[in-house]
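Following are the structures in question.
What follows is chain A paired twice: with chain B in the first complex and chain C in the second.
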Partner chain A sequence: MSMIFGVPLAVLSGQLLIGIINGAFYALLSLGLAVIFGLLKIINFAHGAMYMLGAMVTVLMFDALGVNYWVALFLAPLVVGAFGVLIEYFLLRRIAGQDHIYSLLLTFGAALIIQGVLVNIFGVSGLRYTMPDMFKGGVNLGFMFLPYYRAWVIVAALVVCFGTWFVIEKTKLGSYLRAGTEDSQLMQGFGINVPLLISLTYGFGVALAAFAGVLAAPIYSVTPVMGSSILIVVFAVVVIGGMGSIGGAIITGILMGVIEGLTKTFYPPASSAVIFLVMVLVLMFRPSGLFGKEA
Partner chain B sequence: MSANPDREYEQLRVSGLHAFYGESHILHGIDLVVNRGELVTLLGRNGAGRSTTLKAIMNMVGRRTGSIMINGEETMSCAPHHIARLGVGYCPEHRGIFSSLSVQENLTLPPVVRSGGMSLEEIYTMFPNLYERRFSQGTKLSGGEQQMLAMARILRTGANMLLLDEITEGLAPVIVEKLGEVLVALKEKGLTIVLVEQNFHFAAPLADRHYVVEHGQIVEEIGADELTAKQSVLDSYLGV
Partner chain C sequence: MTMMKKLLTSAVASALMVGGAQAEISDNTVKIGYLADMSGTYRDLAGPNGLAALNMAIKDFGGKVNGAKIEVVSADDRNSPDTSSSTVRRWVENDKVDLVAGMVASSVSIAVSKILEEHDRLGIISGSAASSITNEHCTPNHIHYVYDTYPLANGTASAVVKEGGKTWYMLTADYAFGHALEGDVTRVVEANGGEVIGAVRHPFPTQDFSSFILQAQASGADVVGLANAGADTTNAITTASEFGVTQSGQTLAALLLFLTDVHALGAETAQGIQLTTGWYWDMNDETREWSDRFMEETGVRPTMVHAGIYSSTMQYLNAVAATGSDDAQTVRQQMMDTPINDMFAKNGKIRVDGRMVHDMYLAEVKTPEESKNEWDLYKILRTIPAEESYRPLSESKCKLVK
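Right, the complex of A and B next:
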């Protein structure tokens, strides 16, 4: 068996794959956070709860209505996105323009309430979600075994990330979002319905989190608390990438997943701390983040 | 609109306008009227409340009381994006060029609010520099070019009343001259223009009337034909 730095190739590539998959989730989640922060200037602490809702809605729709995975992939983000629009319209809008601490507390509180209600109903042990049949099994690449579903997660996450980046950076709609990020008041003075744009942007950002939740449902344990554990890591990723940078959020997300995976191979005890170590280093030497604009 | 713009048509009437930023009371009862096709300036010292008057018309200040009629319609309860849709084009003092947008994206950002706006070709003919640099980042332009862009941007929308805030500030004389030509051309098209201006020598030959603003109130109204007679009054207000 071939070895790299004293580690079997199969082990290394297996960890690398897990790293890329985790990275794909980090990328989807931090992308949504970056989109929301850009226009609304709020740090969405409810993002983990929205990711969890995406997974929960997928499971519940299947159990109650027999809604299959492919339909859920569209429907769950739509449902959660609509829920996000309601949160923006009835709650966030009232504290717009206030100090960051208000939106932080509000979204954090909303996340705790959503999570608490669901824990009350479903408990914290995981719900079962069966993987669609077509994803069962995998392919042997010679140096490693690649499960089909894991490959699909990577492809789906990359396509959605790239699509989002493309819409924001290259289209007319995206130019509204970019301009609104800089000066939303002037945008409104030009006749653009900025309050509507803000609602839809928040809805879209949380829909991305819900999409990640659907992808996670077949491979991770679906519980009401699944969002709170991943959220802290995702915030570290956003800090490393730089707040509000779309491309930066995607690249940093995947990069951090890989770094985490590699650490797990070479020095497992540090694997859960390595991202925070990178965050500390970035904050020390490049406080605005790897891809952030200098303030 | 008839071929001959109706000079009697009241496009803007501001009455008893007060405006506040938080606890600060900035405007203390502004009264002014602008008829269609007129070019009216707001003169006064820095901090007199001229820019705030324009912002208040756009509903971009904290709190306002009084009345602002646009085309005979009360707009005090309108959101800013509705005001723009009444045909108002606003060019802010800081120009508001978006750095994450290219020149062309900046130019096509504001939605068309009325028919009869200038086409991209017409705009590029009027401002050839913008055509050459249409793919550059908006804020990579020179100050003068950025000002041209900020003006051009609201001409595309078909707005028939322009609120222009300090458009000549900090620009080279040759650019100021070009802006003067642009304003003359716009006036000939029948556009209504409210100009906040520090540079009196720029504004004097262009304007039909001048309002002098001091401490958040209109203290003097001077017609273009009264300028010579009232020069000393004006000088005392402007402190020149």
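Right, the complex of A and C next:
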């Protein structure tokens, strides 16, 4: 078998694929963050909590009402997105226009409260969620066994990522959004309800995180603390991609998934640090991020 | 004559005072500090319910010891040796805490025991796993009560090797506990004629295990050994089942699983997994009776750690009552001299290195058909006698063992 740096090629291909799958998760999460920061200039530290809520709502809706996976895929982001709109309306709106640090602290506090309340109710061991029957099993690719569900994760995440990018960068609605956040008074003058637009944008960003949460529910242990560790990684991804760059967040997400996957193969103990190492390097040599516009 | 009388009285008085100082409960209060992960990944195996178990013991004891009141303070260790060290330092230096109980992450316990030694207070560790706690890290100021990595490896690894799992690939949590467990497993596997052909040390905590599971599959080992705990273990087991590890002929050996982990996985996913435990709630009438009371209090069935916290607190209070003292060395000696016979252990004994040795059990997770309710999860396959379970003192590196 051919080897690369002492690792069989087959193993390496498997790791690359796994990296892309995990990268799809990062892309989805950092996309929501980038939308919220890029358009609203809010540093949303509640993003991990919203991801967790997406997964929790999926499990709870199944346990209480028998709501199946496919319905949850739409309903959970909707529920969590609505919750996001409430947070924007009742809390974030009050500090609009203030320094970024206020939104950071507010959302961070909200995340801790949400997480704490849920830990008290559900504990941390995790809730059970069984994978839908049609996703059980997988296909042998020769170099690795690919579970059907992971293949679905890539497809679902990429479709949603591309759709979001398209709507924001290429459609009329997207141009309203970008203009509304650029000069809200002017847009108000054109008769566009900018506050509503902002609420909905925040809700949409949050719904993206919840969507990632639904995707995660069948494969990770669903606990109230599942969002806290991934949040920091996702922030690093957004910083590397360039704060607020939508396309940058998607590409960087996948790239970082791959880099992390390769580190897990060559030197596992560094795998949780490697993304931050990249972040440091990017900040040193290209402070506005790989895809950010020069400030 | 008067002179003589005076001398004698003062001699008697001072003798009494000296005696009194030795056998006295300081400030007429026994203060217990409960330190555990109250909100993070190790919360459910000890956490707030461990505090409930501790309070149950105090209540069952009568709420007072020799007329002195018993006070409890608690804190979240946040799985951080630094945070825990400063908490315990405050407890012993300012708050006059006599006993620190609970203690989960091994790194926390090792850090805290150093402070306890410095200030000569007592610690009873119920949640931690690393066998190094009573080996190279032993102090005259702590007791390790419930289990450690040595019997976990002995029980599970030797059972799996005997069933034909000769080559092992380890997924190890990259900190004190994981390293200790990996070392103990390697020793047992090799002693039984097997071999550890590879290991990957993953960061703690890790959510996505797919990359590591893939490496384990590529290794071609008979057994994939999980030297981790809590959410790391449940995530690894879920991912292993997703990637068809057992279908492709590899055995999964989880070295440390708590009842709460198995409960989270469910009998469907966890069935057939063998594990070693220090206690199980459904073993006999005594354990069931206590577990029913615990469940009334908390709403869940107790883990071995919860039961151990109750039992060790009871032993501690008995020792304080018997000696009339809360001095660390006096109480520890009394606890060492008293065999433990309660719902947690039969003929348990605390050794000079601080290790409480008692029978351990090899269990198997029931199938969904066998499991009568959500907490009916284990069948006990074998009792591993105390003397076979723990590291013998003859192999000890503890400075207290001569």
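Note that in this section the second predicted complex is superposed on the first by the 291 of 295 C-alpha atoms of A that agree within 3 Å, B and C clash if a C-alpha of one lies under 4 Å from a C-alpha of the other, contacts with A are read in each partner's own complex, and residues count from 1 in each chain.
Just so we're on the same page, a contact is a pair of C-beta atoms (placed from the backbone, for glycine too) under 8 Å apart; a residue touches a chain by one contact, two chains touch by 3 or more.
Computed from a predicted structure; not experimentally measured.
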Will chain C clash with chain B on chain A after the two structures are superposed, or do they fit? fit
Going by the contact rule set out at the top, does A:L16 touch chain B (first), chain C (second), both, or neither? neither
Reported in degrees to the nearest 10, the CA-centre angle with chain A in the middle and chain B, chain C at the ends is 140
After the superposition on A, what does A:E182 contact: first (chain B), second (chain C), both or neither? first
I want to verify the contact counts: of chain B and chain C, which reaches more residues of chain A? C
Would you sort A:P268 into first (chain B), second (chain C), both or neither based on which partner it touches? second
With both complexes overlaid on chain A, does A:P195 touch chain B (first), chain C (second), both or neither? first
Name the contact category of A:S229: first (chain B only), second (chain C only), both, or neither. second
Minimum C-alpha distance between chain B and chain C after superposition, to be given in whole Å. 37
For the chain B and chain A complex, residues of the former touching the latter: 58, 60, 79-81, 83-85, 90, 92, 96, 98-101, 105, 108-111, 113, 153-154, 157
For the complex, give me every residue of chain A touching chain B. 172, 175-176, 178-179, 181-183, 185-195
Touching residues (chain side chain A, partner chain C) in the complex: 8, 10-11, 14-15, 18-19, 21-22, 116, 119, 123-128, 130-131, 137-138, 144-145, 147, 149-150, 219-221, 223, 225-226, 229-230, 261, 264-265, 268-269, 271-273
Can you name the residues of chain C that touch chain A in the complex? 39-44, 47, 174, 200-203, 205-208, 210-212, 214-215, 217-218, 230-231, 234-235, 238-239, 242-244, 248, 260-261, 263-266, 268-269, 300
